[in-house]
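Each of the two complexes below includes chain A, the first together with chain B, the second together with chain C.
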Partner chain A sequence: MSSSEKDKVYARAPECAFREIDGEAFIVSPKTGEAHLLNPTGTFIWSKLDGEATAGRIADALAAEFDVGAQAALADVSEFLDELAGLELVAEIGKESNEGSY
Partner chain B sequence: MGGSEERGGGALEAAFEKAKRAGLTLSVHFELTRRCNLRCRHCYVCGADDEARREMSASQVFRALDVLADSGTLFVTFTGGEPLLRGDFFEIAERAVEKNFAVRIFTNGTLIDEAAADRIAALNPLEVGISVYGATAETHDGITGAAGSFEKSVAAARALLARGVTVTVKSVIMKPNFGEYGALIDMALEMGAKYVFDATVFPRDDGGREPLELRLDDDMLWETLRDDRLTGRKPGKPAPDVCRGPVCDLSTATAGLSPEGDIFPCLQLRKRMGNIKEIDSLSEVRDAWMDIISGLTRETENEKRYNCEYKKYCARCPGLAELEDGSATGPSQWACRAARLRAKAKME
Partner chain C sequence: MGIYVFEMGGLRVAATAVSEGMPERFGCLLEGSVCGGAVSDGGNVMPDKDGLRAVRDESVGAPPADFFLDIVFEDAVEGGGFRARATGAGVFEFGMKGVWCRMDLERGRGELRAVRDESAVEYSMKLVFGALLARRGGAIMHAAAVARDGKGRIFCGPPGAGKTTVAGIASGGRGAGAARTLNDELAAAVAGGENGAARVYALLEWADGGTMRDAGAAGPGGVPLAAVYVLSHAGAGEATTFERLSGAEAAGAVFSNMRFALPAPEAIRAAMEAADVLRRSVAVSRMRFSLADAPRFWEVIDEFERKG
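Let's look at the complex of A and B:
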């Protein structure tokens, strides 16, 4: 997984309405009219989308919570966020810069 | 491992099933006011003279939304009366969006000018349902009792559609507009709107039966039951099943709220379970709720007349049965008429 994938920052689409039902996020998009029910892993990732956390930080949290390897967690997070972006439920809003300041 | 999502109608159904199991109320119809600027001949809502004084204040509605959000409610439908008659309607709707509700608005559209359409579009509602009762001003205005209402309602639908809002034209098919329902479907589709039509006319909430005179006669009802654009039947396929069990779709997953904050299983079934001003969570009325639903289910299933030969064609509404025929668990003359005709259509 490239470092650029790790540094991406995503945010939930602001128009999406959602609630957690028995540990699973239920999301409705007024834009597409579609309803989506996430599994517990997806729900965990969704709950971390605060508009500041990078995919890498979310993957670290996922690895700790579900006791999986860091690489596998990052692959899962990146793939899932790509899928949600395709459904217009999240949008990439930037990248955390690792460059120096001079 | 791996995040995944289930999508579409399957996800919606699964979410409602999960909500029922978890005891959550996923969807609430919130009657913000009984006041209305139209006087539709078929309307069941009866407002008192001091209606505005009886309504919850904005701060009480805000708190009600907090209680619903904390109770797991996702869908909130603002209805009335005419909800936009409340001067604080947009503050309420904006608050609902802030609380992450999926918002629907049912309105007659007459108060939606260009500025209001902008504000509604900014809410990103899931749907705005606009009541239209004819394809011509003469028919629609004749039903609403308000000259110029057709023009305003249709203009509102077009203004919202132009802003990308999902609009559903909602109508009740009755004797006065029977000859125009086809043209109204065409009009809705031409505008880019969806449509939901129903031929069920309810008595007034106070028991008044005047609206029932507007109901379709058997020949007209027969025609609507064989119209694929109304039944949803696909070519070469049977009509979708209409039987929704002894108590319709009643469950703890859906509820109705009155302008005063009274909580009902459904706005058509006014069995009061509590008041939202007096509770911190819908779970506090869950026992009363379960008692109502299980009692209705048991008594209806034991009702010999419910288990008749037309049962599978029966779309019986317990609220209508109570209002019109005196018992929520007994037969509904309207449902019986429609079920017999559906069975006849099936045999053709």
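Let's look at the complex of A and C:
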């Protein structure tokens, strides 16, 4: 997985409705009205989408929470966020710079 | 001019037409009166063609309605596509071609401006009921509803899932007994309160030729709802199978089969909550139905429900 993937920052689509029930969730986009079911892993990733956390940081949290290696976690996070982006339920809002600021 | 009462899903809306133009088939409660905030029960039930039940009664003063709506008929109402928004806590506006409506669900009052058209009034009323039902863990569902031995079952699913087919089999096959189709397209389901069972209400439908189709089977009070089945077809050569849904999957299935929810984020969240409340009140299961099991439809259902 490239470092650029790790540095991507995603945010939930505005007005996307979310309801968590027993560790799983369903989310609904007002745009389509369709409900999408999230499994526990997807629900965990969704819960970390605060508009600031990078995919890499979410993957680290996923690896710590579930019994999964760092590489696999990042692959899962990236695939999941790509899928949600395709459904317009999340949007990539930037990348965290590694160069620091002055 | 006059007071009109609409009932759906155990709820009652008293509408005051403050100008001429209410379609004739909506029974008028009191001609030329101003809504006094109370209406009576009983009287003649005047079913409309697609789900709303207007109650006609000459007396007033008994139990209040759940919602009061002023209806103003106009020659034209600013058109546009279907849109909805929340303008405050529990306050929604929606509009479409020939309709504008504002509902204050907290205060239980609203205003509808509409052109003099049956479908405009009817569709608007269903949206009003959809919003009201959501606050009680209820919804208008795209579903066939069948009552048997005093219990209702809902069979929901997208077009082509087999709702009409199943409703026909359920009310006509072996073991059907007194089973009756309440409606094969729309049903109102409402979660039970404390220690109460969920209930299903038939939305009336006007059959070809102007006769009612099993209209009053559930009655205005509905029947206890025993189960919700999310229908799909079994694979070729496969028998009917069931899968009990729980949690988010059950709530999502209920939500996906809701109709007449406003497309505003706040209303969607309310509908999602209603779906969650409803699925906690009644068993929701996926049913992959095989036509080969049609002759023993109720045996198959009973067997599954016995196993729990």
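General observations
The criterion applied here is as follows: the second predicted complex is superposed on the first by the 99 of 102 C-alpha atoms of A that agree within 3 Å, B and C clash if a C-alpha of one lies under 4 Å from a C-alpha of the other, contacts with A are read in each partner's own complex, and residues count from 1 in each chain.
Throughout what follows, a contact is a pair of C-beta atoms (placed from the backbone, for glycine too) under 8 Å apart; a residue touches a chain by one contact, two chains touch by 3 or more.
Bear in mind that the values here come from a model prediction, so they are computed numbers and not experimental data.
Applying the stated contact rule after C-alpha superposition, one finds that A:22 touches each of chain B and chain C. Among chain B and chain C, the chain that touches a larger number of residues in chain A is B.
Looking at the shared chain after the overlay, A:64 reaches neither chain B nor chain C. In the superposed pair of complexes, A:45 makes contact with chain B only, with no contact to chain C.
By the document's definition of touching, of the two partners only chain B reaches A:76; chain C does not. Touch criterion not met for A:93: it reaches neither chain B nor chain C. Contacts of A:30 after superposition on the shared chain: both chain B and chain C are touched.
With the contact threshold set out at the top, residues 15, 17, 19-22, 24, 26, 28, 30, 33-38 of chain A are in contact with chain B in one structure and with chain C in the other. On chain A, the positions that touch chain B within their shared complex are 14-15, 17-22, 24, 26, 28, 30-31, 33-39, 41-42, 44-45, 66, 68, 72, 76-77, 79-80, 83-84, 87. Interface residues of chain A, counted against chain C in their complex, comprise 15, 17, 19-26, 28, 30, 33-38. The touching residues of chain B, counted against chain A in their complex, run 1-9, 11-12, 14-15, 18-19, 21-22, 24, 26, 69, 72-75, 100-103, 124-126, 166. Touching chain A in their complex are the following residues of chain C: 246-249, 251-252, 255-256, 261, 263-265, 268-269, 272-273, 276.
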